[in-house]
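For reference, the structure discussed in these notes is given below.
The chains carry the letters A, B, C and D, assigned in the order they are written, with residues numbered from 1 in each.
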Amino acid sequence: MIQHLSLNIEETVAVILFGVGFTILLLHRNLIKKIMGMNIMDTATYLFLASKGYITGRAVPIVVDGVQEVSAYINPVPSGLVLTGIVVSVSTTALMLSLTIRLYERYHSLDLDEILILAKEEEQT
Amino acid sequence: MRLFECILLLCLIVCAVSVAFTRDLLTSIIIFMSYSLLMCLIWMILQSPDLAITEAAVGAGVTSILFFLTLKKIRAIRKEEQNEQEEG
Amino acid sequence: MSFVQNFPFFSIILAMFSGIISSVLSGKKARNLSLVMIAVTTALSAGTLLFCLRTGESYPYMMGHFPAPWGNEIRAGILEGVTAVFFGVVMFLAVLGGLDHTAEDVEENKLNLFYIMIDLMLSSLLALVYTNDLFTAYVFVEINTIAGCGLIMIRQKGRSMSAAIRYMIMSQLGSGLFLIGLSILYDITGHLLMSPAKESVAALAASGAYRIPMLVIMAVVGVGLAIKSGLYPFHYWIPDTYGYATPTASAVLSGLVSKGYIFLLIKIFYRVLGYDNLVSSQMVNVLYVFGITGMVMGSLHAIHETDTRRMTAYSSVAQIGYIYMGIGLGTQYGMVAAVFHIFTHSATKALLFISAVGLYEASGDKKDYVSLRGAGYRNPLAGIGFTVGSLSMVGFPMLSGFISKLLFATSALESPHKMLPTLIVLAVSTTLNAVYFLRLVITLYSRRRPEDAPIPEVKVRSSWHLRLAILCFIAVNLVLGMWSQPIVQAIADGLAMFG
Amino acid sequence: MSRRRDNYETSRWLRFKKWVDGETDPLSSGMDAIPVVTEGQMRERRKNLALRKAYDEELTRLSAEHADKTEIMKARGIRNFQKFYKVMSVILCLAIISVLLWTIAALPVTGGADNPANNEVAARYIEKGLQETGAVNIVTGMILDYRAFDTFGESCVLFIASCCVLVLLRLDADSKNDNIKKMIAESDDRHFEPKDDIILQKCACVLVPVIMIFGIYIVLNGHLSPGGGFSGGAVLGSGLILYLNAYGYKKMSRLFTEKVYRRTTLCALTFYCLAKSYSFFTGANHLESGIPTGTPGAILSSGLILPLNICVGLVVACTMYAFYTLFRKGGM
């Protein structure tokens, strides 16, 4: 297993990053850290996906000198998917950061648990 | 090349973990920015320059700017509150 | 190719286009455009449904000039048609019923943004219903999530914003898991379109290769979408989200958004992973256990609540448990029951949220039990609507809830190992439902006491759209309850086409 | 004759009746009144929270100094809870990582040419992509022609995210609410920094044109070289942001206002939507689209890809700039 993992080093790293990001997103209390965790998780998934398209010894999928052999280029599909994914991740980041600003304006805290408690108390008034 | 890649990947993990454990928000944002730049290099190695350009412009550029702005906004709010407390 | 076959594509693009146009319109115009668009979209979906019923088979529709494994594709069949029509109707009535409250809760010059979110929400739901491509599904799941978050936080109160960020965090966890499952699937099959991917998966299952990755894909995709739809252990975001949004948003979120994800999950199970593989890998049993736990625990939480909207939200947790239990039964008939319950629940829950609005109007905008006492007399139609919804949730004959419970019970009889627990949990859950819903109904129709807070003892007439929406929702419930046979038949045919 | 119950006050029936009337909660007995919290108390609580935080920080500092930190830790229940949080997070992290590692140990090796992912789909994109889409950059050809529906969805994601940010952060100047007016006055955070910084302005003078030209180059050459609408648009947006930072809102408002933003986004997205609808419609009905692909490699080639790249570039540049200004001062 270890040997296989050392061959799949990009995936291994991607998976470790995914775990780290997932945990930060789920269990860190600071909202900004949570958002960073989300970003780490997303980029880890993209690294995983992009490494699936890589083929050793082949070139960028941009046609040069009219060469159109399959054996010349790497798989272009994952790159395209990741490109789409990056846009999605920057959109959600912007949205969550603006929510964070509004919540901080209101409750003067970045701690999600604290915000939830304060919001509950505010509702009861 | 392979060794270089391994070093970069190791740096990625170090960055991600230190984002989780840094106390100061500004520091962790800067670490996160360097994480994006490392990712950009890795995508160059994986033969995807499209992704590298996008990551450099978006991940290291726009996303980091948004994080900095949020932090700045939060500090401004904090400062105002302190001023009010001193007055009151 | 007949012109009718273009209708699914037209409905998706129309919804998106009206969202884009709304960005420069005033709030009122955006509202009217949105209502017209939803009506037209529903009519188009109905056209698709009729076409599919007449030909009796589903058809793929190329998005672009390239056929199946290369280009994007959507696919329309009977089940897709029924679901799209149903989603359109519920969306229309929810928007119509909440018009006044939307205008109150949303700042005036941001009203058009609210309707942009409604439009894009509908387009993403339709795309989730029709899509035949996994990555398209991911992109539209994201649109759905962001639009849902927008709908929650558009009422800029502290509680709804904290609910929105919680919703966003949970949804991002779900999306991340879904995407990693998708990547693994792409790695071992090399396809993103559902039909070719299914062939590869079948070949892999026959040869026995990549057994571990297949198992992990099932788990990860299942858990990801379960988090997003709010299955029991992952339900923490639901009460705040449904409880503090504006009424239209509550109705849409509880009735449609979570159902869109469940529909996608069913679709992936049938079209990609293969339902037989799921049954043989014991994955369905996990969903089954989560489902029955949710059925009981959601109801227990609901009894605990004093705020009626949070109570209704917790009852959603229980009802989503029902749906996952149906999926988890592992039989064709259980799946039919689950799909039928998707319809039942979205019609009933939307009815409850919308008619509750009328009751709050009559009680000085208070939402707890004490203030609602006697509200059924003050706003009779809303009271009737809420009563019908509650009875349907409990499973009163002639209403839709009864039929879905009947379907669950009969399908449980087919699977010998799960028969006893299913029946017991159904009985327990029905009793609990009855306890908290009938309690509220009794409250609505009991006389006020002198010591209660003074609320003007006058009858309130809600605006005509609210009344119309409540009447239509009651009608939808009755139709689902009394003419269920053709719908169940259509669902069974549609599921057969899925495979 | 039944025995007379004199403990009616505590009987189950009364409790049930009370619960039906919504007065008590059956599961948590004894809570009959909701505590009322006033604005003053809210403030007090916030202050308490702040104090507690300061106290916590003090504790951490102290505990770092003293060797016997365990005793201080034990004194605070919250500390334990935080510890529990940390332990949980590490366990969860390890669990996810190990499950996924177990999975990828069974996956095909990276970089192999015979992996299942490198099948006929990728082969066709490479072999026929140039002829079918006219784009030299196969990735661009793929996302804007073969899989264009995804990409359209992606620009809708960006659009709806910018709408959400508008909802949250836009402060309207013509609002009647005094509170909002106060917020507008407060949110102009340029009070805090030096204005008209000469070094920044000179640098921007040199850099902004270069950045802009580079961004335009990336957008226009999306089908020929790496890049495309999205990355180019982000570069353009950052150029605008730099200009704004150097010269201030006043100069910027001559060039770029909210009206411009709305119109550009609307036009670009409408064009995108219509063009792609046309192409989907003709494709599905097996009609000729009639859009020439041109000679591969020329700047004016590859059919709809170039105009679509321009549209995406405009939308992205405007959205990035809009994000910046909205975060900064709640308006454009």
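Following the convention adopted for this analysis, contacts are C-beta pairs under 8 Å (C-beta built on N, C-alpha and C of every residue); 3 or more make two chains touch, one makes a residue touch a chain.
Keep in mind that this is a model prediction, so the values were computed, not measured.
Here B-D and A-B were compared by C-beta pairs in contact; the pair with more is A-B.
Averaging C-alpha coordinates per chain places the centre of subunit B 15 Å away from that of subunit D. Centres computed as Cα averages put subunit A at a distance of 12 Å from subunit B. Inter-chain spacing, taken between the CA centroids of subunit B and subunit C, is 37 Å.
The centroid of the Cα atoms in subunit A and the matching centroid in subunit C are 28 Å apart. Across the assembly, subunit D contributes 100, 102, 107, 115, 117-118, 121-122, 125, 137, 139, 147, 150, 154, 157, 160-161, 164, 168, 226, 228, 230, 323, 327 as residues in contact with two or more other chains.
The set of subunit B residues that touch two or more partner chains comprises 48-50, 54, 58, 62, 66, 69-70, 73. For subunit A, residues touching at least two other chains, in rising order: 9-10, 16, 18, 20-24, 26, 28, 51-54, 58, 60, 77-79, 81, 83-84, 86-88, 90-92, 94-95, 97, 99-102, 107-108, 118, 122. The list of touching chain pairs reads A-B, A-C, A-D, B-D, C-D. On the subunit A side of its complex with subunit D, the touching residues are 1, 4-5, 7-12, 15-16, 18-20, 22-24, 26-29, 51-56, 58, 60-63, 68-73, 75-81, 83-84, 86-88, 90-92, 94-95, 97-99, 101-102, 107-109, 114, 118, 121-122, 124-125. Only residues 1, 5-6, 9, 13, 16-17, 19-21, 23-24, 61-66, 69-72, 107, 109-110, 113-114, 116-117, 120, 123, 127, 133, 135-136, 139-140, 142-143, 146-147, 149-150, 153-154, 156, 180, 184, 186-191, 200, 210-213, 216, 303-304, 306, 368-370, 372-373, 439, 442-443, 446 of subunit C touch subunit D when the two sit together in their complex. Every residue of subunit B that touches subunit D in the complex is listed here, in rising order: 48-50, 52-54, 57-58, 61-62, 65-66, 69-70, 72-73, 76, 80. Partner subunit A is touched in their complex by these residues of subunit C: 135, 139, 142, 145-146, 149, 153, 156, 158-159, 161-162, 164-166, 168-169, 172-173, 176, 179-180, 183, 186-187, 192, 244. Those residues of subunit D that touch subunit C in the shared complex are 19-23, 25-28, 99-100, 102-103, 106-108, 115-122, 124-125, 132, 145-150, 152-154, 156-157, 159-161, 163-164, 166-168, 170, 172, 175, 262-263, 265-266, 269-270, 273, 277, 279-286, 289.
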